[in-house]
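First the structure, which I've put down as structure tokens, then a few questions once you've had a look.
Chain nomenclature is as follows: A, B, C and D, assigned in order of appearance, with residue numbering initiated at 1 for each chain independently.
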Amino acid sequence: MRILKGSIKVKSFNYKEDNDYSWSMIIDLDRCNGCGACVIGCQAENNVATVGEEEVGKKRNMHWLRIERYIEGEYPHVKVRFLPMMCQHCAQAPCESVCPVYATYHNPEGLNVQVYNRCIGTRFCGNNCPYSVRYFNWFDSSFPEPVNNQLNPDVSVRERGVMEKCSMCMQRIRRGKDTAKDEGREVVDGDIQPACAQTCPTGAITFGNINDHESKVYKMAHSGRAISLFEEKGTHPAVKYLKGGTNDVIG
Amino acid sequence: MSSDDNVKRSADAAVSGGPLAGGHHGDVLALPELESFRDPETKGAKAHYDDADIYRDEKGFNDHTLRPMFFTTKKYFAFTLVLGAIMAQGFVAFLNQTYWGLGMAGLHEPVYWGAYIATFVFWVGLSHSGTIVSSILRLTGANWRRPILRAAEAMTAFSLLVAALFPLIHVGRLWRAYYMVPLPSQRMLWPNFKSPLMWDFCAINVYLTGSMTFLYIGLLPDLAVARDRAIAMGNWRRHYLKVLALGWRGSHREWSVYNKCSLFLAVIILLIAPSVHTIVSWDFAMTMTPGWHTTIFGPYFVVGAIYSGVSAVVTLMIVLRVLFNLGDVIRKFHIDALGKLLLVISIIWSYFYFCEFITTWYSHKPEEWEIFEWQAHRFPYHLWVMLGGSCLTIFCLSWRRFRACMPCMFALTLLVNCGMYIERYMIVVPILSRRDNPFMWTDYYPSLTELSIIVASFAYFIFLYAIFIKLFPIVTMADVKEGVVVSGDVRLGKHAVRVQVKE
Amino acid sequence: MSDHYTVLGLYRKVETITKAGDPIREAFRVKDGDIEVLTSAAYPDGAILDDKELLHQVESRQFLFPFLMGFGGFGAGVTLAGGTGYIMNLIVGGKAPFTYAPTGVVTYEFTLLFGVIGSVLSLLYYAGLPNWTERAYDPEVSDGALGLLVKLYSTEDQEKAAKMMEEHGAYKIKKGVNDF
Amino acid sequence: MDRRSFLKLSGVAASASAVGACSRVSQKVIPFVETPNDGANPVDGDWYATTCRECNAGCGIIVRTVNGRVKKIEGNAIHPVSRGKACARGQAAALSVYHPERLTSPMLKGAGGFEAIGWDKAVDILSQRFTEAEGKLFFLNNGSNDAASGIANEIFGKMDGFVSAGNQEPGFESLVAGGESLADFPRIPFPDLDHAQFAILLGADIFESGPSPVFWGGAFGECRRGRASVRGRLVYAGSRLSATAAVCDLWLPVPPGRLGALALSVAQVVVEMIITRKLASSIPRNALGRWSVALKEYEPEKVAAQLELAPEHIRKLAIPFVDESPSVVIAGADVTGYANGVAALDAVEFLNMLSYEIGREKLRIHERMTPEPNDNLKRRMAEALGVPHEAHGFSRLTDLVAGMEQGNFSMGIIHHTNPVFDTPTGLKFKDAMAKVGFTVAIANFMDETAAEATLVLPDHHWLEAWSAQTPDFVPGVPVFNLQQPVIQPFFGTKSGSDIMLAAAAAAKLKTPADTTEAFVTGKIQQFRAEMQGAPAYLSDNAFRRHLLREGGWWPAQVEAEAAPVPSGTVLWEYRDKLKAPEPEFDGAENPFFLHPFQTVHMGRGQGANSGWLQEAPDPITTLMWQFWVEMNPVTAAKLGVVEGDMVKISSAHGSITAPVFPYKGIRPDVVAVPIGYGHTNYGKLANGRGGNVMTLLGAKRDAISGALAWRSQKVKVEKAEGRMKMLRNAHPEGEYKGEVFQL
């Protein structure tokens, strides 16, 4: 009676322990320098549209990954903090259950999947995402000739009226798994890297399979510095952050 | 009007027969109508047009109440033309938005829902007056309900029709909106019944079906009357009236089954209506968005809906009285009774608002309190209209003289609905613009497209109503007649008391 | 089935029509279902004609329509909302494919929807509507006249009944064939 | 072998083991694609190794192409500069290849503006001009040591009157000059941040500008959290809290031009600690004593007032500098930007030397990784492509402009640089350019300089072209970067260096090779013997292919033995350098210090025509598509302006108006303006976006190195008409509520 099973397993942040893979991302806030290389990397990889000055003025920029910047304190004791924010791939994702057409669901590998051609654009998911990381295609994204030559063929270009968000570079995960399969081996830690993790100059972003207890992400997630954003909301994100900024905690 | 006049008229009416002539009691005793005791103005000598006696002969009554339907002035055409123009510009705006994308609206992340949804909730709320009021009044057998039922029920149906447009206007891919319908397909597209939106979709559809049915079933005997009139006049309306009246003859068996069916419907509608607005509130309350995620939202929305709905009924009644000279059918007494109902509801609504406010204020959870602060900071005047309007309502409606003043009631009920629209806006917009993630805080202004469409929706509602008045009887004639049939006056000492027969 | 004949008498007052009904019933041994009153408003049962017994039978069954339909709606709701868990075995928001509360909500709505439809069907079924054929009727009914309609099985009876009605104060008599 | 088949052969993954599965052709057809124009099915694509040329850092990159189209740029994992990473600007190059505004055909300026001409005619004109010029020409590039400049130098270098110059990023020259006496050859010192436990960043915006943001990013990551038990601690001193300062643990808002004094003050405390604690025995005692005397006037108590810091603050820097050794000091734009920059850099190098002596066992300060010491090779590699090191300084540029003014040149070649836009108004480059009879701009896009040129030659994008590059500023190892085309040229462009060679050949000049590709191949052969660690058994051709596959050559890296101790005399005499002169300012009567700074995205303005970069939010302000001026909220309040209000910033040289962005992380007497905005002729996306801060600058130069002192300008700021909506990503109130995340 699988269908009657309640939310038992998802209590822990790794989505399902009996699965081979449960993808997770660890972001070391102590390393992030806000340079924005990940933002462009994501944009290049995922055909994220640029919306232009006017739309940006309406706060409709589409960056799947954004670097949030917070300021604390008064001059001269000012502290600026960077917080890379993308879809947190919550195990108990608030966005998923509210979609009336199953356009977003949780795949068995712990990823929150957005199915563009199912989406009808009610934007309910966006309303229910505490992290505000879902982006809506207000207009058809424009990739005029010859800019469209850069478009990544692995990723669909989204139509107007659908939601989109970070997919943890699903296409790269799939490619990594295929490669491993072709080579007759398991996916090993470090095989698969989303565009942001791949490009991060400071190495702040680490991606891996948290079901593999030897993996970097597993170790980092259990390092004692790991926090989830809005932990009190019980979303159990697959993205964890390593707290930074103090000398007291070393790990 | 003096009681002498009344007696005389009753005597005259008795000649032509029919229930309205007071057939079964007119012979026995001609008594002044009870309303004349109640209505403060009738005590004076000055007769007002709307205090004319409706208890003329039944034919006259039919003529009088069907007059708005069969006789149309040029002003009416001009008016509908204006409405049509407003609707047309809204439609153009809608087409434009559909063609280019929802960016034409002022929405942006994270304010994914804006004026459209606020308007949707407003219209759904407005629809709650008709059916709930009419069901409750039917079930409790309140006699004063009779003339107002049709207008209220029509309002339900039409505001729901208008409301149902808004989700369609709001979705990003209108041409894919049918994905919400459980149609088996090769692509395994299937709705997710766990989504509150899906519940909403079900509830709105059920309610639309229910209220349309309710309206139609209520119309059935009156359709027969209108049919007979249309045939006699050779009016073109006879074609559809014949079909819609289903061959109603008014036989006792029909009446008996009909009454039973009305009872069923009243009960069912009474079960549906609160569930609909509760589910609409769940579109908000089921999320984990601070400010939305509260248990009070269900009853709060339902009460708010009835509040705005009853106000709208009063507004409409007054408009109908004036425009179609129905003052003798929809009497001040009715407005007075609705005013009392409104008073109670406004007190309940204010209580709910207070509950919501004080729990947030006291616990002072930062993310929730932030929303109230933002509301007060960003929309101070709106809040004045909304909360001040509510206080004013409670204050004013406690006065009988105020309730008897038609312009005052008109203004007040309009104010209430303005306040309630603002309330919906306050629930949707400021809460989204001050969400959990402070980096993404933002402000929202409805765009011209949104305003056009919203204005057009009001025009559309009025248009539907205007068309309805010309196609169907607007007064619940059968109910009024029944009221006369089943009530009689009993002399009690010096006074006559109107009593109603109950089985 | 052999032809039947109808007489429709129009009256102005309740008292007169009440007095007219019973003699005709007795004279022609009219069955409960063969005599009707046409009115423009709902008169309480038995106010004009004593046909409670027949109507009681109807009324006691009428509730079955919305009731059974409601059951059907319940089934439909459970099937749709609950069955979705079987068809679309997808995990959303960490919730199990089958969940009680959403199923309950959807089921509630469907039950009521079917109940509404059942109520309307009950009306149509028991009131014999819609019936767009030409039937014994007079438009004056809607203007307040009270009609007494009797179904008879011979022209002689028809004539006699018409006469009786006239005697009892009918100001207008209409006769018809096969149009009860 | 033609080029196409060569591409096929060489176009293999940079390094199968290091980069992972790259060249594998997948069997699956990926659904939902917008297929490229050629209609072929997408595959995993081919990965090519090449060198990023968006700035001069020389990051090795690998490029994913599918069906002959560039899709994605990633770092080359085995490259010592990029270490497998890439920055925003480098990645955005994937878009600029397909920029709709790229130049496609040669254009000659006629009476009515530019006219398109054919390539043959362009070569004819050029060769004719080469003949006529008789060596009286100049070659100006962006300061990179690359094949094009090497070719120009080899063709014309021997001729009298030829000048080769580079329009380098401001301040580099000072970085090279600073601490020169301690270094083995002129190059920017790269302190070993990777292994440092404590680092003092003196105005070093290493993630935004500087030699290589990617390299520094990696070093920072390693320093911060690269070791299991150590968290590297960083302190930033400078007048603005930049993105780099944001990640540091402490920010000290030191007045402009005073960082040298801060460094000396720290050095004073450190020297005293060395003496009292008897640390670092390798330093001669008498040297210590002399330093101690020389530094006396920089005691924290004495300089604290001018640094606007408490003496404890300085001690708080100095004590961990010793205790948390290894520690490093990194100097950057806020040191080199003033006229006393090199003097301050000497102090910085002195501090680093002290740190090295303290932490000898743990740290290799100057040489993070090094091959077997071969100074000769390093120097020769640096000039491998035939470009003299001195060519790339502001001094040379100033001389060049003077020469242009005097009519010394009948012709000039401007190669991928935009001096009209990005040199200070005080230099008057535009006026000088008008005095040169015939100027050729080799460029990808029309820009302010190309618009002034007589002939515009559309070059290949660097992703389509052959070249080689030796970065000046590498982490201690000589690097020879190769740049190969990863796609067929998309537009009708031709390689600028090829055209130069063809025209020179037509003009009967001696050319080093027929094509750039051949030139690069020749250079590889020339240096093959010295390229240690590369497979020796390969044929020349196979060796070349090997290098192309790896993206260039750099020595196999080994942990160095202890680097040699500077000789006694150097140390002895160093006390004379321990001086922090007062900073001098242009327009000293004005109230505000102008603080021009590079942003992560705009570079010196090249990024301004890229939609990606314009739309990427600036790290600090989170503004997009917009120009701004940062000032402290206190200053803004004094001026009576709020966010979005326009202010006019003016100096003797010019004025710009900009919307105000109040920012708490800046000194109240400083206004900071990003550079790279205010284009007037750089395409739709760039034009008219803000003002060009360079128009405010005079050509104030460093007292020692002659580098442009680009921050020694004082300006007036006054309220101007109008307001602008600030296109910020962060909410103006929400940005102070970061505590909700309990970071």
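Here is the rule we go by: a contact is a pair of C-beta atoms (placed from the backbone, for glycine too) under 8 Å apart; a residue touches a chain by one contact, two chains touch by 3 or more.
This one's a predicted model, so the numbers in the text were calculated from it and none came from an experiment.
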Pair sharing more residue contacts (C-beta pairs) when B-C is set against A-C: B-C
Most remote chain, CA-based centroid, reference being chain C: D
Chain B-chain C separation of Cα centroids, rounded to whole Å: 29
Whole-Å gap separating chain A and chain C, where each centre is the average of the chain's CA atoms: 63
Mean-CA-position distance for chain D and chain B (Å): 70
Averaged-CA centre spacing for the pair chain D and chain A, given as whole angstrom: 32
Residues of chain C whose C-beta touches two or more other chains: 88, 90, 92-93, 95
Multi-chain contact sites of chain B, meaning residues that touch two or more partners: 190-192, 194-195, 198, 436-437, 439-440, 442
Junction residues of chain D, two or more chains touched: 729-730, 735-738, 740
Chain contact topology (line, ring, star, complete or other): other
Touching pairs - complete list by chain label: A-B, A-C, A-D, B-C, B-D
Complex contacts: residues of chain D adjacent to chain A: 20-21, 24, 26-28, 30-37, 42, 44, 66-67, 69-75, 84-88, 91-92, 94-95, 97-100, 207-208, 213-214, 216-218, 220-222, 224-226, 229-231, 233, 241, 243-247, 249, 251-253, 490, 600-601, 611-617, 619-620, 622, 624-626, 632-634, 664-666, 668, 725, 727, 729-730, 735-743
Residues on chain A engaged by chain D in the complex (per definition of touch): 28-37, 39-41, 43-45, 50-53, 56-57, 59, 61, 63, 66-76, 78-83, 116-117, 143-157, 171, 174-176, 178-179, 182-183, 190-191, 195, 198-204, 227, 229-230, 241-245, 247, 250
Residues on chain C engaged by chain B in the complex (per definition of touch): 11-15, 36-45, 48-49, 51, 54-55, 58-59, 62-63, 66, 80-81, 84, 87-88, 90, 92-93, 95, 99, 102-103, 105-106, 108-110, 112-113, 115-120, 122-124, 126-133, 135, 137, 139, 141-147, 149
Chain B residues touching chain C - in the complex, by the definition given at the top: 16-21, 23-24, 27, 57-59, 62, 182, 188, 190-195, 198-199, 202-203, 205-206, 209-210, 213, 217, 221, 224-225, 228-229, 231-232, 242-243, 246-261, 264-265, 268-269, 271-272, 275, 279, 478, 481-482, 484-486, 501, 503
Contacting residues of chain A [partner chain B, same complex]: 55, 58-60, 66, 68-70, 83, 85, 94, 97-102, 118-124, 126-132, 134-140, 159-163, 230, 233
